[in-house]
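Before I ask anything, here is the structure I am working with.
Naming follows writing order (A, B, C, D, E and F), and every chain is counted from residue 1.
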Amino acid sequence: DVVARVSGISTMAKLPFQETAEGLDAAFIGVPIDTGTSNRPGARFGPRQIRSESIMLRACNSATGAAPYESLMVADIGDVNVNMYDLKDTCRRIREAYCKVVKTGCIPLTMGGDHTISYPILQAVAERHGPVGLIHVDAHSDTGDVYLGEKIGHGSPFRRCVEEGLLDCKRVVQIGLRGTGYSPDNYAWSRAQGFRVVQVEECWHKSLVPLMAEVRRQIGSGPVYLSFDIDGLDPAFAPGTGTPEIGGLTPIQGLEIIRGCRGLNLVGCDLVEVSPPYDTTGNTALTAANLLFEMMCVLPKIKYYD
Amino acid sequence: DVVARVSGISTMAKLPFQETAEGLDAAFIGVPIDTGTSNRPGARFGPRQIRSESIMLRACNSATGAAPYESLMVADIGDVNVNMYDLKDTCRRIREAYCKVVKTGCIPLTMGGDHTISYPILQAVAERHGPVGLIHVDAHSDTGDVYLGEKIGHGSPFRRCVEEGLLDCKRVVQIGLRGTGYSPDNYAWSRAQGFRVVQVEECWHKSLVPLMAEVRRQIGSGPVYLSFDIDGLDPAFAPGTGTPEIGGLTPIQGLEIIRGCRGLNLVGCDLVEVSPPYDTTGNTALTAANLLFEMMCVLPKIKYYD
Amino acid sequence: DVVARVSGISTMAKLPFQETAEGLDAAFIGVPIDTGTSNRPGARFGPRQIRSESIMLRACNSATGAAPYESLMVADIGDVNVNMYDLKDTCRRIREAYCKVVKTGCIPLTMGGDHTISYPILQAVAERHGPVGLIHVDAHSDTGDVYLGEKIGHGSPFRRCVEEGLLDCKRVVQIGLRGTGYSPDNYAWSRAQGFRVVQVEECWHKSLVPLMAEVRRQIGSGPVYLSFDIDGLDPAFAPGTGTPEIGGLTPIQGLEIIRGCRGLNLVGCDLVEVSPPYDTTGNTALTAANLLFEMMCVLPKIKYYD
Amino acid sequence: DVVARVSGISTMAKLPFQETAEGLDAAFIGVPIDTGTSNRPGARFGPRQIRSESIMLRACNSATGAAPYESLMVADIGDVNVNMYDLKDTCRRIREAYCKVVKTGCIPLTMGGDHTISYPILQAVAERHGPVGLIHVDAHSDTGDVYLGEKIGHGSPFRRCVEEGLLDCKRVVQIGLRGTGYSPDNYAWSRAQGFRVVQVEECWHKSLVPLMAEVRRQIGSGPVYLSFDIDGLDPAFAPGTGTPEIGGLTPIQGLEIIRGCRGLNLVGCDLVEVSPPYDTTGNTALTAANLLFEMMCVLPKIKYYD
Amino acid sequence: DVVARVSGISTMAKLPFQETAEGLDAAFIGVPIDTGTSNRPGARFGPRQIRSESIMLRACNSATGAAPYESLMVADIGDVNVNMYDLKDTCRRIREAYCKVVKTGCIPLTMGGDHTISYPILQAVAERHGPVGLIHVDAHSDTGDVYLGEKIGHGSPFRRCVEEGLLDCKRVVQIGLRGTGYSPDNYAWSRAQGFRVVQVEECWHKSLVPLMAEVRRQIGSGPVYLSFDIDGLDPAFAPGTGTPEIGGLTPIQGLEIIRGCRGLNLVGCDLVEVSPPYDTTGNTALTAANLLFEMMCVLPKIKYYD
Amino acid sequence: DVVARVSGISTMAKLPFQETAEGLDAAFIGVPIDTGTSNRPGARFGPRQIRSESIMLRACNSATGAAPYESLMVADIGDVNVNMYDLKDTCRRIREAYCKVVKTGCIPLTMGGDHTISYPILQAVAERHGPVGLIHVDAHSDTGDVYLGEKIGHGSPFRRCVEEGLLDCKRVVQIGLRGTGYSPDNYAWSRAQGFRVVQVEECWHKSLVPLMAEVRRQIGSGPVYLSFDIDGLDPAFAPGTGTPEIGGLTPIQGLEIIRGCRGLNLVGCDLVEVSPPYDTTGNTALTAANLLFEMMCVLPKIKYYD
């Protein structure tokens, strides 16, 4: 170290900041909203807190040997300028911002924000890549239809995506689902679309390395998007989130999922639902920062020393 | 005490809960939103936390001799069923709910929620009483026009009220205004409408008893609404709020303002912008609970032992 | 959802509140004390906080297919009116209150409060059902004799129960015991009564599904009471408690224990020792709310879609 | 400094610890209970936290020139061994412990613990000195009779003292009283005994130096006890307490009260109701530590450089 | 607003970031250290947290009419690259960094960091301007000689400055001093140098506007530096600091001091000792951000609309 | 219990305090520094907080049957008098203090403090015992060379030890290493010295009992030192630390490691990097207290009832 870790303007992983995605292979982008949240808000400060807690991220991955900056040009390109007072307009703004990013060929690594944002991001991603596969880690299926009369919110992004043909439904897997539901067969709709649903009980007491081998077979070589709701993790590990559910995944399993994506054709990733006001130690944001770093480490063309 | 203070379902001041305003002289009502907030959210949990921290409120006011329950029928009538995902629809729901309350003659004592809610509440109040006077305690004038392209939010309710003729502008006073602004003469619009603007600097190091004598003369005997943004108080006393500004009023001054309303024709009161995630000790909610109790103690027809 | 989750007076799982157990199959009851606590207090606010954090509990259990409200009439019947200043008198009040509840045939689901309360609750339960089996999840055996000269406190309820013949000692199991003790053979007394003692080391790195099969054989078809001290869980998952001990059970194991009670003749359940002042994120109360919901889902006569 | 402030076993003001009061002019003593508390508990950890936050207390008082250790032998003599499970037995233990302390001639400086403790302490003090004057700083009069059927608790110590003739009622003053009450004339009983009652409204916006001149005249040269409930201060300055009330005294006024006791015949002092679980920054305990230091600085025979 | 306040990379007051002071009239600079701290550390995160909490700072000062950006070019130039492991080397790095800044004519507005940093900053300032006047707001005089054998630390910067002739001692004022000390005449050394010492007791219950008129006369037209230790404020308003002392200044008095500097020849300002780990609500950093904004508003050549 | 757990001056495990190691078989010692820390400070308060949270530690180990006080004389001998302002001088002070301790034959059980301290402690230990084996539990290898130009800090103690010949490199094992690094082969230096490196991935989903059997064979019968950085544990279990890394060991594995040291010739142990400002519930310190108790339970000559 020649610069003290605690010193300097806060960007993701102490990367350079630039205004646009021009010239980048991948970019960290913040989407600071929480107006799609049903319970505890605060995810609007997710990007800021993830940046703050990312200062210890060094250049290489000790476990996998990945040296991402040797292969890719990466920067932090700041936040989407959201509309705090109108969620639907915010979705429009996100879609337009991401269309600009993905059209340069840059892979977006998103710091949320509540899960609503995956819907307009996937609109942009599918506009470029066509219907994509999806690896969705979450406590919730996020496939609701209407809440309080509304179709847009953090409980329904993936139903909206299916309705608009953005997903290649046979290449969708949802991992970590659990908790109470409005009906006894809470995941029937997902299964009816052809999604693979991995309820959290299937994951308990286990390594997810074998699961990910299956997932890689399911996803194949087509474009795939990784959407990681931090509430997929157990609240002991990620208390700073809006709708925690007990009995969740461990960060170890989270790492196995992400590292298990190595070799896939990832075209975008997000890490959503970090709510700093409920993250009393900063460690939820720290976890998110590390998971985003690991996502970068499995992007196509990464160089490994292993 | 024959019932332990900590025991029982949580209602405001341990009052009975009932579903509607029927038969009540005054009612505590919650409006649990924060989707009109520009910075820190969390005010959606204001009503819940105010109820929790209200359990020590006994029946009488030691300072003023008010014994409100000897004169008035009061209950907690629960929360408005807001739409978390659409702020404009939420405003419609609030207006409709308050029209039902005020048409029974019941005086609403509102537990916010962010300051956006005063706009639809005043729509309902003015529908019954015509344009009303306003005593507005706040760090901010809340008379902005458009933010991020939007006209509805917690920075603009009173401009909307003026545009719709809900306020009797000569009978409006704003107390405690301060902080930075978008232009050097930040309160020009308020003054242009005929509002009295009392910047916080006029309040420093002083009792507000003399000010309130002037305010009572300004307001006269017509109907008047009291809107108290907890951020009018200094953040040392009310840290749990969304847009704190330093150099604010003390709770002592807050009590002087409310007690100074004795004798006015109050037709409604609100206490807004309590954000529990930032209220690390619960004392902002406790302050709010006490201020709401004091508001009840100055409603018309209250019996005093003094 | 047609009502916003954050809206409304706080009852357990948003259930209706009623004053008595009349007409109910099961009832959630709060016992807000902590005056039996040896170290950190705060459990008096357990019932209030569990109710607050229960608002996301929907009607059905996604994992087990249980739809409890299709089979049972359930309500929140508020709190026992405890005596904050005299623990022995509090015990009398609890016993009397529970005698009224159980005599209607209603099954009590208790939100504690410190573990002292299980003693008077079991007095009431045994008065109706005779000596009962006990599934006791805890870091501590709670079978001490005298502390500081006193026989009543949270370290000794189950010794008192044995002395009064309230337990069918061959049908008692204690799970999760650990930590330091006053003598090297800390659980000798329990074993001497015929209890099965499952020290936490037997549970490490394992599913508890096999253990629960054994427990069901041990308990058989007679009446059994489930007493779950949240400190049975590891403090990472349940920091908000009075006497945390490291190396504890996971919530996954907690769920396996409760779900493993399906088919037993449960006559009452409690979840005790949630201390909100030490529950900095609310997630201990959230865990407790979920565990109580799961307990309801294994009561006799519950309908399952599985 | 030759020893780092943060280094060493924690005693009050880094004073030596000794087991008894032998040879001391004054002694700091802890009474770690909260079982007399009506609302938020936690004061059992008051002594420990006050000691922790006292490490910055240097030897001299910059404002008054007092150099207490040049005149007096002072030590920390640890805590009374209370009974956590029986409040009445705890009172007996406190009285006996303090009888031993005061009979040596040592002046006790007590770190509470809830306000219940002043009753048995005053039993011991009056046994030695006869009925004493009392300077009582508090938000509450603590002169209730019976709560939940009980006569012992933190709401009633001074009524018990009067009943037992421990106080010289004409030489009693209560400062800072406020908040809601069970009847409109909340302080009638105090006034009927001959106490001077200074409601907090008399203190607002003012130095208390003139008040203390009057108090010194009222108290005269007889023995007097100072009992300071930290909730006499406003919750902004002392959030870490069990029953906060808004509109309270400032620490500046607290210092004026204590410094205004210079010249009185103080025979004991206590600082009660510090509740660390609600003291999120440690500053309530820090305030208490400073107020206790200031109390020591006005004991009889202190040397001043002024 | 056309950009959401919560959106974007975090710089002071949402100003542009640039690497050097070239072309700037004033610059915000962070110095992220706390290794000179005697008690609670954490000030190393002061600059980061002040930036985070500065996002609500709009362009103009509502109270004074200052529109700083109409007169001055200002930017955030990031942090000094400190040596976390050697305090003396850190001082050298700070001095060198500030020499570069001040030689461009740019006025540094420093975000600390502990108070040690004022010593090397004043070395750089005096190298350009010669001995300067000093307005020093603090609970402590910071004029100690040696602590634990060391001459460099946050308790001694101004003694080092005097020894090196960096201060024009007749033009030094220290405001807000208080607390305990190592000797009864704690401020004798300051007075012996010719400093004016304003103990906090002189400030209680008062506006500081008259004091600042005197200070302006004392300081005259020569170059003057403003050093504001956040612990000069009372801990209720600024809990997030390392060595809080009770009975302090209010933010209102802090604003009066800074606004009272209008017209002086300010050549640099710092705001030090903000310790985020102890700033549980963020409001200490928010206060610091506002005070720094107010400092900018009184720099020479600022345009006012008043 | 005849003394209330919450009562009394705070020493480790409520042991007696004595000034020196004379007559002791083992001693708990605090080293309150954090000036060697790269990111979050606060470890200077580790010893104080560990003592506070140790009050529930009873005399015997329920799991292993160890009754340490039947075999060994143990006391708390307070803290090393560190120099807060000079890390290198602090190292000298630690070494000298430990030389005195170890020369009496007393085994030091250290409460840190940041990991820098293991270097001077090992200087003292090796001076008595010659090069020692090392069991090092940590997220980090702490074998860096130079950071910010400095050789002393918490990232490099074990490289310094190797350079000075303090370690028997074939008898060194590092367990739990993980996170990002400056190069892809982050542990090459350790392996080059002959250390066994157990990356955390080898530990996932497993009991460490088999690993410890191997470790005991590696270590043999020679003197060995145990250095346990609390960040070896996952941040969910130990949030209160300076440089947390996700995917860590569980406390169960920590217990397996320590209990697996039974039979080794332990000549000293430390538990470092507990940072109370980030330990929002106190449970990191509680974990540390328990791990230190367990270390005492595996010292040579301990009596077991098993």
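Quick note on the criterion: contacts are C-beta pairs under 8 Å (C-beta built on N, C-alpha and C of every residue); 3 or more make two chains touch, one makes a residue touch a chain.
Keep in mind the model is a prediction, meaning the values are calculated, not measured.
Among the remaining chains, those touching subunit A and also subunit D are B, C, E, F. Of the two chain pairs shown, C-D and C-F, the one joined by more C-beta contacts is C-F.
If each chain is reduced to the centroid of its CA atoms, subunit B and subunit E end up 37 Å from each other. Each of the following residues of subunit A touches two or more other chains: 2, 4, 6, 38, 44-45, 83-84, 147-148, 205, 234, 236, 278, 280.
Because contacts link the chains in a way that matches no line, ring, star or complete pattern, their graph is best described as other. For subunit B in complex with subunit C, the touching residues are 2-4, 6-11, 17, 30, 32, 44-45, 48, 51-52, 76, 78-84.
For subunit B in complex with subunit A, the residues that touch the partner chain are 34-38, 40-42, 44-45, 83-89, 147-150, 152-153, 277-278. On the subunit A side of its complex with subunit C, the touching residues are 38-39, 147-148, 177-187, 199, 201, 204-205, 234-236, 239-240, 243-247, 278, 280. Note for the complex: subunit D touches subunit E at residues 1-6, 55-63, 65-67, 205-207, 234, 236-237, 251-252, 255, 280-283, 286-287, 290-291, 293, 304-306.
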